[in-house]
């Protein structure tokens, strides 16, 4: 089966504000990345949640709803992809999120069995 | 605490069609991988979502519901695990998903503190 | 844009019991890690799910609800972070979960564009 | 100005009516006969809107017990079937149900059913024919609602509506004609006060035929293993049950068919009490049994228990004493607890438990009538149960098979996997909530 | 046969009890006038609580059709508007609606409306004034409910309540005074039995004015593309529709305003039937059309179809024959199917479809009255429709603009994004469910 | 004793209205008395089914305000308690409530309560005894529903049912006997028209005793910090509130206990208006106060405000003028807004706010009666409030303690964490929705 071609691909994990999803997707498409996987997450960080009042008791939800976007791509495009995400997801306000880049050793397209960056 | 034994383990991330979960689980058990973590995700890719009509307006949900399966395993079994997933998750149709393999530096079993691949 | 400073950061993925979240958060704050991302997941492993009876038919939900916590941190603090999580999440009972450590090549704070561990 | 005109008009009529009547009071319509007419009609109207409300009860019960991917479809089927039932029962149903024969098997009066004209009242009947029709129509719709629950999650919408079309236009009316329509069963002395057999068993048999012919949901019974498919919303199922319980006061109470005398209204009151007690008995028995058998109290069994109690008492809600009502309803609750798993063993997939609740408890309720009403011959009850079963099973099977082998009854496997909401409705029930 | 046996039995009993009465019928306080008073009042009370229940129907329908981030707000608006309507209609509304003029345009009687004292009954009116007020008040509240659905998800709560304040205290009452209040429209021969125009179109016009002035939800129509925003819960929307359907029997049935004579109660029965048939027609037509046009059956269209059928028959639920009722309601259902996408083309954002359902079907229902009730001049109907439209559009626009340019009507973009529940209510509707 | 006074009064009026009939009243059943009998019974039946419907209201309100992991349990408790209440109130409750004494403290008539036989009507009472029993039974069930909300999410199901068993079979009936049963409070001139004290405060006291003895939910009050535990579904809570509001027209309206005269039916109408206005007042005040105090309008407070307004007017819904009704209800709304956080400060965990709504507003409503009904001595009201509080607190505490120290009342910490649905019901309320 596949031989590991270390480092030729990256696995990008971005945490963004939910309503920025469409912008980020367009930006990624712009740099040629069409596939991605999105997950609903809750974030902790500098940004604090809403203060709500429920039946007379105030409380702050310190979890903030975020979206996690996972993108596998060839190392070559990783930098542009990260830039694209950052540009698209930014609102200059606290809580905009993070982009994490990890090394991706291998990828397989289940349907075809293609591996490496052709699989993406 | 634990000394990092780089590269002896892999962290496999597979995106599959939801209804394939049971097949994939059985396949993994078959190669000796009993533990896994599953997350509901939405996927973007070649496969397009359903076209629905709501109150006279057509729209395509370009997000497709998928399941993300995360499996940590020893490098030795990684290849078989990937193969097992691919075999079990395939339907020969667009949208079958991907399998990503990352290096796992260390694992700890919270209950016992065991580390490395004994922890898995 | 950012130069990759391989290995100076870690990406920790912990699977814990849902009701342990607050303890884990406090423990992480204790070692100086304030940011984290949480995801609802279902886990398979040694721990079996509840046996429920629905309309006379018994069934076991072999999936157990868990929380996945993702923390990016500087390698320096990774060990303490892992220890903190393990200490806080443990209940000495099956199903306490796992902590996985991966290498994090780079991080970017979307708001500011800061990179590396300053971004976290 | 109509608000005032009408009133004065209204009073005028009475005013005019009153003195004139004074003399001939003895022979022709005297005021108290008019009052009785009004009260009888009012009973039909109140009973009618309460039973109409049961359509919402079935919709909520079923929406709560199907999986979320089929909830929109279940809502659509329920509002659709109620509408079709109304149209069909007017077009031919009522005329088949009340053919005007004596002891016959099948017949039909003029159709579509002609309602009265504006301001017309037929003192002969003692109530407004439109109010009677309305009250009878909602019973017809109930029969169809029963079917939708059992065959949920695996029947395409158009085939389902076609079945409802035949059920409400032909099958149900024929059964009704045998008893309430003065047919042969009635001649035999068969007694079914509000329809344990005529309404509930008929719906139950039609549902059973469907379940057998259509088969279980995909993956429900795989190599001997039962896959549990829990309902999407217990509170909606609970709401549905409470709605049905409320509606049942109209269902049974207004089946007294008259409120113009103190004895009639007293009987309606007694029926309210017995109806409530039978339901309570069903709930308590279901709770006790599930606790004993499973160490947990399955709320869906308690809900079904209430309904089974209600169905059980429906054949005779008037004559039982309270202890008898509790017993009759309680047995209904027990039937549910034992019959639900039994159906699973038989691989009969009844999504909401309509077969135990409406068919089995309906049979029980019909057969037990002589216990509290000694005038009723058991043999007549048995005959009625069997005859209804044979006729409805055959008729329904013919229709289900006809559909199955023509346009087909089930969605494709992929569609069924995906859920009928996306496949056929195009609208998900809970588009925003992640499925866990 | 029991259905008939029982009846005759009932009459028998009354017949026996009757003769004694015959003689004094004429002179003494004619019991039948008292009985009529009681029955008329009872009709208002039953009709009143059924229409009150419609407030819950609107709340559920709207809660189900807005996105989950605005559901708490929709619940708050609905319970708030019902309360405000009650207070305003007592404070001045009723007195404006029934100013006691003949053929006038606007007037006001003593206010706030004085209910009767304890034990007081005014035989002159033929019913209890309190029961009449209650029945009229719930109609007023209905008008406000209509507006909340159309402008949902983008109007701050206080501006909304201010609008309701004026609508229920002034705008709606004025329109009512023109017709039911014996004003100029009534003098013209305009006829609107239960309020297709007075209630539903009035609410619809006010909603339309709001939709135009407030504008669509953020991101709803971006560069020519329609963004679909599916509702959060189809079962709640279905429940709401069934509640409204049930309430409508009170809405139309009790608008007969009298039940003290056999002809009145028979007419109420006929109204029940026609009301039900029009709704059924609306459902069936909506189902057929969506299936034909889209190959899928949009359940929300079926629900709207039922409501459009009900609104269509409301202007004249008594005189139509059943086929006419089916036709009138069916056209209402068609209106919905075609008007909903049309509004989208016009970029008019009507979250729940209240404009097609209440305004357009209301106009249709009003104009078609002469078809079944030949005494009604078409020109009067047309005049009523136009006059109501002009007045309500102008009056509502003034109020919406006044609010818009003072305290503002919309939340900030960020708040709207976030959802009104967090922004203004502070309580999320489904805090525990992850949004997918 | 008003229950009987009213009746005879009712009959009196009819008697006056039909002097001629007076004579033969002895021998022939006088038709207008018969008509009154029918109408009185009908009032009980309509009121009865409306109040029965309140059981669904409590179920939905509570299902909406508990966390999703305890929703199935809340549904189970509600359908179970309604069933148990019906059985217990028949078995002994009614006989304790109406022991037939004069001014007594405790007594019991023959039990279980014997309903009338088929066709039997007792003209002496002026209504069907079965209809009266039914109407009284649903009040008993209401008392139990109140308790389930307060102690939700932390009481095992069997202990809860045991408490309901005693509450509905003994505690509530004793309190009722003091007033409606012609006991000592009634002799003192205490007046509680529809049960602000007898029903709502009794339920509220029992709930308070439970909350104190059982303690708060796990983690609710940790080292001085209040952990907010938002309810799972605001629309269900809203639906529940609307159901209760609707049911209250039966609760208060039918407590007039007679509809056989024009004055009685007029009073029922007045009660409808006042009941509605008090609820509206409660909503508006709660909305204004929360907006002022928190800059957000907590919809759950608005819902509780409506209920508090309803409870407040229940002690005397007939004599107040509309402004008085608005004031009485409005104060009820204010009580909720201030009492809910107060209970939190006292670490009394009342999940749905039943203590402010039913207990505190119930006390307020009872004490304010003399304000609109000058015949009622304040001291009697105060005595009634205190006596009920003392008795119910003691009796309930004994039961709660007895349960606590025998079979135990709370689930294990782990079970409570996990949720009672999995722990005791075995069925999750929303198995498919991911918890966020």
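Letters A, B, C, D, E and F mark the chains as written, and numbering starts fresh at 1 in each.
Please note the rule applied: a residue touches a chain if its C-beta (ideal position, glycine included) is under 8 Å from a C-beta of that chain, and two chains touch if they have at least 3 such contacts.
The shown structure was predicted, so the numbers you read here are calculated from the model rather than taken from an experiment.
Trainee: For the pairs C-F and A-C, output the one whose chains share more C-beta pairs in contact.
Mentor: A-C
Trainee: Round to the nearest whole Å and give the separation of the Cα centres of subunit B and subunit E.
Mentor: Each chain's C-alpha centroid was found; their separation is 53 Å.
Trainee: Averaged over CA atoms, how far is the centre of subunit B from the centre of subunit D? Could you give it in whole Å?
Mentor: Chain centroid spacing, subunit B to subunit D, equals 49 Å.
Trainee: Quick check: how many Å separate the C-alpha centres of subunit D and subunit E?
Mentor: Comparing mean C-alpha positions, subunit E is 29 Å from subunit D.
Trainee: Subunit C: which residues touch two or more other chains?
Mentor: Where subunit C meets two or more other chains at a single residue, that happens at 39-40, 42, 52-54, 65, 102-103.
Trainee: Provide the list of subunit E residues touching at least two other chains, using ranges where the numbers run on.
Mentor: 14, 17-18, 21, 23, 31, 35, 42, 46, 230, 233, 239, 294, 296, 298, 300, 426-428, 430, 433-436 - these are the residues of subunit E that touch more than one other chain.
Trainee: Pairwise, which chains touch?
Mentor: Contacting pairs: A-B, A-C, A-E, A-F, B-C, B-D, B-E, C-D, C-F, D-E, D-F, E-F.
Trainee: Residues of subunit D touching subunit F in their complex?
Mentor: 32, 35, 39, 42, 46, 50, 67-68, 230-235, 237-239, 241-243, 245-246, 249, 253, 259-263, 265-270, 272-273, 276-277, 279-281, 283-284, 287, 291, 294, 296-300, 302-303, 306, 318-319, 321-323, 326, 430, 433-436
Trainee: Show which residues of subunit C lie in contact with subunit F when the two form their complex.
Mentor: 19, 40, 50, 52-54, 65
Trainee: Could you please specify the touching residues of subunit E with respect to subunit F in the complex?
Mentor: Touch list, subunit E to subunit F: 14, 17-18, 20-21, 23-24, 28-29, 31, 34-35, 37-38, 41-42, 44-46, 48-49, 52-53, 55-56, 59-60, 63-64, 71-73, 75-76, 78-80, 82-84, 86-87, 90, 112-113, 115-116, 118-121, 123, 128-131, 133-134, 137, 157-158, 161, 233, 236, 239, 421, 424-436.
Trainee: Considering only the defined contacts, which subunit D positions touch subunit B in the complex?
Mentor: Going by the criterion above, the answer is residues 417-418, 422, 426-428, 434-436.
Trainee: Can you list the subunit E residues touching subunit B in their complex?
Mentor: Its residues touching subunit B are 226-228, 230, 290, 294, 296, 298, 300-301, 337, 340-341, 344, 353, 436.
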